[in-house]
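So the structure is just underneath, and the comments pick up after that.
Each chain gets a letter, A, B, C and D, in the order it is written, and its residues are counted from 1.
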Amino acid sequence: MEGISVNLISGRTAVQGQNLDSKLSDEYFGEVARCDLNGADMEKLGVAKDDRVKVTTAYGQVVVRVDQDDGILAGMAFIPMGPWCNAVVNGDTNGNGMPSFKGIDATVEKTTEPILSISELMRTYMD
Amino acid sequence: MAELTDVVCSLCGCVCDDIVLEVENNEVVKVKRGACSVGKAKLLGHHRIPSPMIRENGELKEVSYDEAIKKAAEILYKSRRPLLYGWSSTVCEADKVGVELAEELGAVIDNTASVCHGPSVLAIQDVGLPSCTLGEVKNRADLIIYWGANPAYAHANHMKRYSYVSKGFWTEEGKKNKKLVVVDPRKTMTAKMADVFVQIKQGYDYPVFSALRAILRGHADVVPDEVGGVPKEQLMEIAEMVKGAKFVMTFFGMGVTHTGARHNNIVNAIQFTRAAHTHTKASIMPLRGHYNVAGINQVLTWETGFPFAIDMARGYAWYNPGEDSATDCLWRGDCDSAMIIASDPGAHFPGPSLRHMAKIPVIQIDPYANPTTEFADIVIPTAVSGIDAEGSVYRMDNIPIRLRKIIDSDVPTDEEIVGRILTEIRALRAKEVQ
Amino acid sequence: MQTITLKLKDAIVSGVAKVPVEVDALTPDQLFGKSEAEIKAVKVWWGNRQEQTGDLFEVRLAGDAASAEDVKLVFEGDLRRVKRIGEGMKVGEIEARSDVDMHCGAMMEGGKLVVKGSANCWAGREMRGGELVIEGDAEDNLCAMYRGEMTGMTGGKVTVYGNAGELTAQYMAGGEILIKGNANMLAGLNMKGGKITIEGDAKWPGADMTGGEIMVKGATAMMPSFKFVETATVDGAEYKKYLGDLAMGERKAKGTLYVR
Amino acid sequence: MAAESELIIKNGVVFDPINGVKGEQMDLFIRGGKIVEAVSNPKVIDAEGRVVMPGGVDIHAHIAGGKVNSGRLMRPEDGRKGLVPKTKVCRCQSGYSVPNTFATGYRYAMMGYTFVMEAAMPPLAARHTHEEIIDIPILDNAAMPLIDNNWMTLEYIKSGDIDLLAAYIAWMIKATKGYGVKVVNPGGTEAWAWGKNCNLHDAVPTFDVTPAEIVKGLAEATEKYEMPHSIHVHPNMLGHPGNFEVTKATYDLVKGIRPYRDRPTMHATHTQFHSYGGSTWGDFESQAKSIAEYINVNDHMSIDIGSIILGDTTTMTADGPMEYDLYQITGRKWTNCDVELETGSGITPFLYSGKSPVNTIQWAIGQELALLVKDPWKVALTTDHPNAGPFIGYPIIISMLMSKKRRDELAAEVHKAIYDRSELPSIDREYDLNEIAIITRGMAAKTLGLSEHGKGHLGIGADADIAIYDMTPEERDAGKIQKAFLNTKYTIKAGEIVVKDGEVVATPEGRTIFVTPECDQTLMDEMLVTLEDRFDKYYSVTFNNYPVQDHYLPHPYEIKAPWRS
């Protein structure tokens, strides 16, 4: 399956904030295990809203559902801050203390693999 | 049914303190006024961790507070480089005991600023921070700039209470006589409200600030036609808006601290404000996330001299973000235990850092179960500050406000739990000395 | 000439957690004149406890030294979690035969420090004199200032055979740095004196510089606030000479930047 | 310590100026933290002829609160200058010009000080000041809220309602658990919210009152009560060449006003910064003589000197425009914080260099003031910590005031401008230990109205706050004097030994002293109608969340200030 290269960024959203203290909820899962793409890029990938995509970077990979946001330019991807986005973030802070949560080179491809739940996702760090 | 007024919200750095809510048989049943959707969710409450737990062959088993605290103390006491992380979603009274614990242990103590506005602190240490309290913005500001921030989502009351939409002494007509500039690589909810939206190329904030500075200092001639995806004409337009304004206020968020040159983006944002100040009154302020992330920075600074990322190994504070910040300690694999309090690295740290957290003993002190719980060997539930516990917090502009206790609870506070761990550790040390 | 060999014991770095050892107490000037037993007894920090050098390192002495100048320290073993090698060293020589951790050669005043591998962040921080050679890469904040200071490196000579990370030589005021590879973001930030030569590529060199000289021989991503002065020929090659950084205002923009 | 435990200090040579004791060999008896006439079963300290004084009282220093902490946060490079590991007794220490709270308590106690007045508390952030005061060990403290640029003040000055202004002052001092009325660049700080400044007779933008009217009105309103302390004034134009005329004109404003008791009607602070002649930095010169002459012939004024300590420091003041000017000169880091409806602040590092003619003259001025003011009861020793230098420099100043020889040696090392643009080299006066005791204790305690409350003297019933310096009264060696005043042989706080042989041995918690002005309720209610409206419309916190809760004063000491009949 052909993927596209994107510049991945993350950030807060309202629903993510509403569930800061209930991250194990379905609402949080629905909001944060999500990747926004520009409509043009969704066409390229042949995906529709709520289809699944695999996001891969040099630091890891994660499966999330896809959603459309034309507020971001083609060639960019947005995943709300949270466990799914962090699965593909670099831990290096360049002597600054702050990892680069934004501006990560990533490839996005269509997938049929399942989206991991929080505990499944956390387990991947344990083996 | 009792109505409570002047309730203080313990969610984000806005710390709204004019909330009205209804309490019935010791439960918040209704948020009548003041809170945004995010704050409302917090005040109405979520499922809490029912009991302390210790992990035994993979499973968390319920235990007594005494047992959990004793075990936590033993783990920390024998550690060579324990990491005490979090401290932002709790009150300063708890943070103070945390600093004492770090001193007693010779531990690394860090707070969530290191993955939020830590870069802003580093920038302040380079050039300072020309700023003001939020009421100043409300009463005076006629040009508001949100740079790399989306308050419409992250600080939903911010524009209404303090900035673009609020009404004050010289701004009685609210946004009517104000201008809003939003700089972001995404056309966000906030961007849609802007008079001028600058869709900057992600990671290019630094040179764009430098270009604006050069223009404001009279050197437009050297600036190329396009910088970081922004046409020179638009940079000139913003510079003119700055010169024409009576009071320029810049707010910035993690869109600037998380990207490209990180803390040097903020240095440059402040340098831009200094350049603007040669033409008019200009101030700048970070949009702090947690309701008391500013407070733990304040407490650490007056008690140790430094705001975050502190290594107490030698009995005094060695300060160096990038070396003694939590993400680095974990990513480098150089801490041998972690106490996580009032924060959730499981959700907010990069995967590579979490791999080490999975390998070392982890103590979690929090009212709520969250991704960090998956790593925790000891879980100690506490009261929720601002709901069943009171104390000091510092708003994003460093104004101290006292959280109110709005319902009764017998759940121990963060301050009590950390204090009891400290007492246990001192007892262990006394025993060893004999 | 006396050679003191300090080989880090494997056990120290074989645990789940790699707690850094800090060896600022082990420099030629501090060890000169000490017997093997005395050196083994020197206290070094390992996490939040002080240990005896002899418990962490295998210590070997060879030859004699008439003065600290004649003392050579050789660090062996896996040094990736050994910090502050040669911090504050004044004379003599140190050789580190592996990648090294942070603050290697920090506040160095004299003598020679050679790293046979790569150096982690803050190598040569606030360096005042002497020579630092890094045969691999240097990570971020090479020869920079300490947090909040407005002066970084003031003297000495630094050579990096590989690449340099972000913020090389921030607030540099004197001395010379040669980077044979590339320099990542913002080399020579706030530079006010001294010279940096980058033989590879550089991104945004010389931002906010008010003095000193930066020469980039590879490709350069320029800051938008520098003023082209002239085309100049330096040792046979043609360079564009820029003045900056005008973001600091005309009065302060006295830095020189040579790019291809 | 146990409330009734007893102590006797034998064979000390006591300097207790408030009680007229000028270096008499005598014993001191202590029980329950107070000086008593006799004790039955005491622990004995033999002072062996050493100099004994009441605990030092600092009338003006910036040691706690948002501004100080912003200075710490902004300057890790200062923080690392003062790193000291924790001990069995002490917490960790950091900082030189902006020490952490623990170091602040320890280092003052080591100099024999037991009370320090935090000189500027922004009302909106008063809770912060008190939170830091809780963390300052050993010392008793109080803090003065800034009430001079507040919109309510400006409005009442404009309308001439001095009684309502008095009601507002009472509410503010109670709400902030403050001590008195602090005035900093009156009007100028409000103007700074628009990037402007005000001289003494300029109209404040929008509010249309002058700084002169503000100072006079605040003095009148303050004297409506039996306030222990007068208004405490940082005049306009701080640090500007030629400002000495503005300074004297400011002093004149309160001449006619009758204080409620025998004390000045204005304390003018860090006077060194306000005694400048010339018109530019080029022809800058000392006018200390002119200011000192004014103080010598007028009895309604007291001053503190704000003497320079050469070296690097962190300047910080509510005088926002002044800090901006300073940053414009140095180009170093600059923090500003304007506080809604009330005040502002600025912070920037500064290096006072003996190579600079201007810095050298500034350095001379502080000493000139102390030496040219004849009556030591009118002058207090300060460095406006940390503005003119850190408080740990006090012993240097003491040694210079006591030794013409030391002054001449140092004058030879600094810029020669000291000889032609200041009086210092021509002054022969040397302070004796009694005068030193006055400017470091007695005067401050009297001027602040704290002597009635047991501070600054050793009479029967006084707090047993005592410094025993490791020197005899005959000591003339400036170096030894300086050393003795930096680290006491003993410091005793409320009867407990807290410093022994220059080391902190105990760290009891100090008290927070605050004043309650008692205002007529109908007057108060009338004022509150306006104030609550201002809160609703313009403040960013609610009226009910504003006042400092009792929680923030774990060891309170209240002084009531009744309305004057």
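Worth a mention:
As a convention for this text, contacts are C-beta pairs under 8 Å (C-beta built on N, C-alpha and C of every residue); 3 or more make two chains touch, one makes a residue touch a chain.
Since the structure is predicted, the reported quantities are computational estimates derived from the model, not experimental observations.
Taking the mean of each chain's C-alpha atoms, the chain closest to the overall C-alpha centroid is B. C-beta contact counts were set side by side for B-C and A-B; A-B has more.
Averaged C-alpha coordinates put the centre of subunit B at 33 Å from the centre of subunit C. Computed from the mean C-alpha positions, the centre of subunit A lies at a distance of 22 Å from the centre of subunit B. Centroid to centroid, with C-alpha atoms defining each point, subunit A and subunit C lie 38 Å apart.
The geometric centre of subunit C is 45 Å away from that of subunit D, both derived from CA atoms. Within subunit C, residues 102, 121-122, 140-141, 147-148, 166-167 each touch two or more of the remaining chains. In subunit B, the residues touching two or more other chains are 122, 125-126, 260, 312, 314, 319, 321-323.
Residues of subunit D in contact with at least two other chains: 74-76, 79-80, 333.
Pairwise, the chains that make contact are A-B, A-C, B-C, B-D, C-D.
The residues of subunit B lying in touch with subunit A in their complex are 11-12, 37-38, 41-42, 46-47, 114-115, 118-119, 122, 150, 152-154, 156, 185-188, 191, 199, 202-203, 254-255, 257-260, 262-263, 289, 308-309, 321-323, 325, 327-328, 330-331, 344, 346-355, 357-358, 367-371, 374-375.
By the touch criterion stated above, subunit B contacts subunit D in their complex at residues 5-6, 8, 17-18, 92, 96, 100, 103, 121, 124-136, 138-140, 161-162, 168-169, 246-247, 274, 277, 280-281, 283, 297-298, 301-307, 312, 314-317, 319, 392, 394, 397-402.
Across the complex, subunit C is touched by residues 94-96 of subunit A. Across the interface of their complex, subunit C is touched by residues 74-80, 331-333 of subunit D. Those residues of subunit C that touch subunit A in the complex are listed here as 102, 121-122, 139-141, 165-167, 184.
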